[in-house]
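This is the structure, below, for whatever I ask next.
Chains: A, B, C, D and E, in written order; residue numbering restarts at 1 for each.
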Amino acid sequence: MSITDSPPRAGTRTARRRRSSDRGFNRGFRWIAVGAGVLILVVLAAVALFLLWQAWPALTAGGDELAAEVPRFPADTSFLGYVGPLVFGTLLAAVLALCLAVPVAIGIALFISHYSPRRLSQVLGYLVDLLAAIPSVVYGLWGFLVLAPVLTPFWLWLNENLSWIPLYGGQASTTGRAMATVGVVLAVMILPIITAVSREVFLQTPKLHEEAALALGATRWEVVRTAVLPFGRSGVISAAMLGLGRALGETMAVLMIISPGFSYSLDILAAGQHQTIAAYIAADFPESTGLGINTLIAAGLVLFVITLAVNMTARWIVARRKEFSGAN
Amino acid sequence: MSAATASTTTSDATERTRALLTTADSGRRRTDRAMQVLIWCAFALAMVPLVWLLWTVTTEGIGRMSIDFLTLSTRNIFGGDPGGGIYHAIMGTLIITGIAAAISVPVGILTAIYLVEYGKGWLARSVTFFVDVMTGIPSIVAGLFAFSLFALFLGPSAQMGMMGAVALSVLMIPVVVRSCEEMLKLVPNELREASYALGVPKWLTIVKVVLRTSVAGLTTGVLLSVARVIGETAPLLVTVGVTDSINFNPFDGRMMTLPVFSYRQYHQGYAPCPAGESASCVADIAFQNAWGAALVLIGIVLLLNLVGRLVNRWFSPKLR
Amino acid sequence: MAQRIEVKDLNIYYGDFLAVQDVAMTIEPKSVTALIGPSGCGKSTYLRTLNRMHEVIPGARVEGKVELEGVDLYGSDVDPVAVRRNVGMVFQRPNPFPTMSIRDNVLAGVKLNNKRISKPDADDLVESSLRGANLWNEVKDRLERPGSGLSGGQQQRLCIARAIAVKPQVLLMDEPCSALDPISTLAIEDLIGELKSEYTIVIVTHNMQQAARVSDRTAFFNIAGTGKPGKLIEMDDTSTIFSSPAEKSTEDYVSGRFG
Amino acid sequence: MAQRIEVKDLNIYYGDFLAVQDVAMTIEPKSVTALIGPSGCGKSTYLRTLNRMHEVIPGARVEGKVELEGVDLYGSDVDPVAVRRNVGMVFQRPNPFPTMSIRDNVLAGVKLNNKRISKPDADDLVESSLRGANLWNEVKDRLERPGSGLSGGQQQRLCIARAIAVKPQVLLMDEPCSALDPISTLAIEDLIGELKSEYTIVIVTHNMQQAARVSDRTAFFNIAGTGKPGKLIEMDDTSTIFSSPAEKSTEDYVSGRFG
Amino acid sequence: GSDPEPEGNASDTDAPGSSETNSGEEMGSISGTLSGGGASSQEAAMNAWRAGFQQANPDATVNYDPVGSGGGRTGFGDGSYAFAGSDAALDEDEIAAAEAQCGEGGVIEFPGYVSPVAVAFNLDGVDSLNMSPETIANVFLGEITSWDDEAIAADNPDVELPGTTITVVHRSDESGTTENFEEYLHTVAPDIWTAEPSGVWPVDGQESAQGTSGVVGAAQAGQGTITYADASQVGGLGTVAVGVGGEFVPYSAEAAAEVVAQSPRTEGTSDYVYTIELERDIAGTYPIVLVSYSLACTSYPDEETAELVKGFLGYVVSEEGQQASADAAGAAPLSDTIREAILPGIESISAG
């Protein structure tokens, strides 16, 4: 036989023998894997450097110079005063989308993991995953041509009857091309990501904990509340962060739907109030030259920093209650 | 075995027990029901946009479907001419996404392997963290980055499929890493230990046991990531440009992709038809083309998912 | 609080698979009943039918009757949620809720029924339950720490405290000591000895010595082979089972000749 | 093929936690050595140091010597992969590779190592290993079926066949029967009896009866409490351990007074 | 590398609507790939030109990236585009940069694409309105907020105007169309429209949308909306007849061509740079036009590119090419006078 066919005492020698080629492969494979990880860091560093390098002229130029060279740059302000409304708009869009999507996504995830009949749930999970595969241009087209007109009467109604709520104030758009519509479309876009991750997390809830709750006399919803949701908490937060990342960076759909403006207004039904950084870059990049491009990329850098901050916050939130996490 | 129910059991005790066991707390029952309904509603609610969107795309796009539409390019097609097709865009999408996948999938899976099988300490922590950060890079920034990167070496006039693929890779890698990491974590440690105990080195264990066992999950992850980038528009406009001719070479010249095609067609808007609507001049042909391309794109993604399902079935652990 | 359980003609299925066949037994109040038998003979399965936890598993179902003080638990008007509140359960692996503090773990079951329990009441309940589970002295200074920070034995006693906090009539335990070290095991066995003055206790164990030490009556289950249903071979006073059982297989099993 | 193992001054750590302290023992070739002791005393941990599986766990390390026929397994020039090929292991829960057929499972040690083996050689190896594991007759007609379709006992024997197919010198088994029904358990115990004519076998078991039935020598481990290290209390011929052990704690344990 | 393949599209050539090209035999010999980019306003016309040119020269491929005028000028300046389209004429700095790139021969610049910009609105039952320049400025400023405002009613005695609120929809992206429209308003109503034209809409808080299709779509979606857009794109929207020289002129390609023909050439530019100063008040002409320029060099490093640019731009300004863009994009054809003035520049393109 071709395997270790060794006389009695030779086995020890086998144990001793260094199989250098094996070890070489082992180490080689390890370094390839490490290399892939490092490559990611390098790429990210390169992206960050690229942003910084391209943004530098805009960051160092004075407000007057920028106002003279960059068409949309308002007079008498600094770079921060200029990106402020954009940051506000970006966050507003992302928060709106998140507020709409997270509860629904948790609902769907629970539905698939704990409520729907087993057979059905796979098919349903697949269907929701499909939403993730629809290109953002299509979302843009649909949001602009189909959804906005349908939502308009509803927005007008909200504006008319609930305008005392800060969000619904202002002069509602008659074409539906307002932040509220963007929020809805973004919510639909990030729904599948959040759902997919949450679903997996909920499915991982240890049977032990669910049964513990059941044995205490909990109804199905109470099982979900006492065992499933707390266990999935950090997973749902990461899922939401993934969704948030997508919402923050979404370009085409926002670009095609929103009617932009640069203000700190909360009136999400009004036109011409908000703009997100990503859409802004895409909108103005074609006509920009020189310092204008630098300014746009500086805005991109700000978005990058926001993403970084959001992720750090999420990690912090998860870590803060680490000792109560389901991983123990 | 014990005797039958002792006659000492008073019917009183029975009644008390019955009362205990049959009085459902109506408030809690109601909450339970309400939550059930709510969760069903959440699901139904999510189905609305999905079905609506698919319906819109299908009804608007189905009219353009024909052999010509799928096998011709729009070269020399202009105005309200209803001829031509999207073959060039289909090929561009397949080639560019294919290259992006060829770059991202190995890097992503290797990184996931690193994180799950080797990773510890600050390097692993920072890779995890920055992968999260990467998921938030706006696609246009990825495009600009790839453009500048190539411009450093090839000058600013370079536009080619490869650049677009690099831009898409920047967007795709984090998705691959994230999903594959989860999938690899699901492989039971038992199997790794079983393999080690047979005297199999770690790398072979990873390749032949861990990867092999999680193939199904990995396919899902890869498909998710492909779906994430196949619909990108903004970075491709910057890096790959547009063309209406067929180009199979990702290292030279522009290429068209379906999302870009769709976007550009939408942008062209109505065509003036001087002699009124006729067979050779359709005023809203550009919109029809845009929806048609979107439908084909969704079809491609569906097809990929279907293939993925088959791969899953083929490779998934067999239980009987 | 303890109550008698009467099981009649019970067949237990997983889908089409008959896991346990034709069990009939009476479980006396204020006593400890031990279920022993080789692995796979259906002890856990049977135990879980006593508080309708069995039906939680998809496809699982039972035929026959389980009567608590004459009320059939599987009667159509009986609410499984109420059954589980009255028949508590402790599992093989300690399973405190990892996201809750020790205090909240104890109160978990109570809060389901009575959300508005006053703070002093809650404090009293936490103390009495933890005392009942012999854990009070060890944790009284760290009630707000996560329950998962305790040792295995402490976690298991926390689970017992959680179970008795809802004041059940019956307490089911499925190999409660199998994951514990000997010191914790002794602590739990002592606890069982104390609890039986108030509760009807049913305990599954693999450990013959444990069965001999803690139980008043013992039921021996056996199985003819994989795929065959488990059966109740005999049930008697513990001393009888361990000294002079009626069946040959029981004798073989308790004397360690197989299993 | 059997070989002697000599363990000297072995301390086993998980990170900073000393799990097993100061073990010294000699394991004789062509015999069955049983490790018994309460849960958590470090039996599995110790067993896994005998084929360097311990170090697979992040942060885990050992101090001391484990000598296989005089060669220290932890010597700097020794390749852990080669050690594991010479010291096979069978786990508590049967773990055949779910993606492989029965035949491929048996050949896993060969195939996963990218070794080339001719078809007739492979067929021979599969047959001899499965015969060795007492499984050949049951599966010879369905070698291409997935291994996970077998019953628990069959799966465990498949794992044993897989382990002996790489022709190790020593076979370690960590509670190989604890997940099995009594009939499968008997089959595996018979198998162990046969295998000992060719291999050095070390088996961890919770089941005193099993230890008494299958082993030639028995080592008793104990632990003073959670967080304390486990220790080897005594080791002797099985009959001595079960009839007249030197230590009081051993006697208490084997007679079922605790654990 | 290989060029984009012209084959595989043989059947396209006889697709209906594109088969009437029959350029001279001498043109059929041009081959190679030519890449340009710039103003997206030219995209539809460019498609027609490229198609016409490629049909005449089956071995040639022309690409045009609709990246926007800014991108086009930048690309032309740094040499990524052999030719470019721009909605605004090059300023002095850009001329200098382009000249440095092109070499001694200098730059060619001419208005290859002229298109009327319609003021379009969506008002049930109304498909044409008259508006004076001042009214237009006030409407777009948001000063006039209702469709039955006196200022509108005064010019439209025969039309029944509803009291719908006016919703202005402007371009959200920076664009040549916007700049042109602003320029028009600033010229004809300087007291009302005081903002300097810049390509960026100066009024805050109004509805807007991206691109021409965007504004048209948005205008169609709402009631009482008004916008400005390339006239060929306004679809079913109503349009405004603009007050000029005391009369109201509806948009038409001819009226737009007229204003270009009658406006003077900018003075002081080099020979091959033909830019115009639009006169916005010539009676009988349609004053709101988008003049989009084509940019090229007089000399290129290699023969092939030179031949391609020369051939392609020659086709663009030819009568046939202008007719093609008129058909496909509703463009106003160049007058013969202007063509005469431009052709020498194109003829002079050479390699070296």
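FYI, a residue touches a chain if its C-beta (ideal position, glycine included) is under 8 Å from a C-beta of that chain, and two chains touch if they have at least 3 such contacts.
In UniProt terms, the chains line up like this: A = Phosphate transport system permease protein; B = Phosphate transport system permease protein PstA; C, D = Phosphate transport system ATP-binding protein.
Bear in mind that the values here come from a model prediction, so they are computed numbers and not experimental data.
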Q | Partner chains that subunit C and subunit E have in common | A | A, B
Q) Which pairing of chains gives the most C-beta pairs in contact? A) A-B
Q: Could you work out how far subunit C has to rotate to sit on subunit D, using CA atoms and steps of 5 degrees?
A: 180
Q | Inter-centroid spacing, subunit C versus subunit B (mean Cα positions, whole Å) | A | 47
Q) Using CA atom averages as chain centres, what separation in Å is found between subunit B and subunit E? A) 39
(Q) For subunit D versus subunit E, what separation do you get between their C-alpha means, in angstrom? (A) 83
(Q) How many angstrom lie between the centres of subunit C and subunit D, each centre taken as the mean Cα position? (A) 33
Q | Junction residues of subunit A - those touching two or more other chains | A | 22-23, 26, 219, 222, 285
(Q) I need the residues of subunit D touching at least two other chains; which ones are they? (A) 81-83, 85-86, 166
Q | Shared interface positions of subunit E, touching two or more other chains | A | 40, 67
Q. Where on subunit C does subunit D make contact in their complex?
A. 38-41, 151-153, 178-186, 206-210, 212, 222-223, 225-227, 255-259
Q) Which part of subunit E faces subunit A closely enough to touch in the complex? A) 40, 67-71, 73-74, 165, 167, 169, 172-175, 198-200, 204-210, 214, 217-218, 221-225
Q. Tell me, which parts of subunit B touch subunit C in their complex?
A. 1-3, 5-6, 9, 11, 13-14, 16-18, 20-25, 28
Q: Please give the residue numbers of subunit B that touch subunit D in the complex, ascending.
A: 120, 188, 190-201, 204-205, 208-209, 212-213, 315, 317-320
(Q) Using the touch definition from the top, list the residues of subunit A that touch subunit C in their complex. (A) 118, 206, 208-209, 211-219, 222, 226-227, 230-231, 233, 323-328
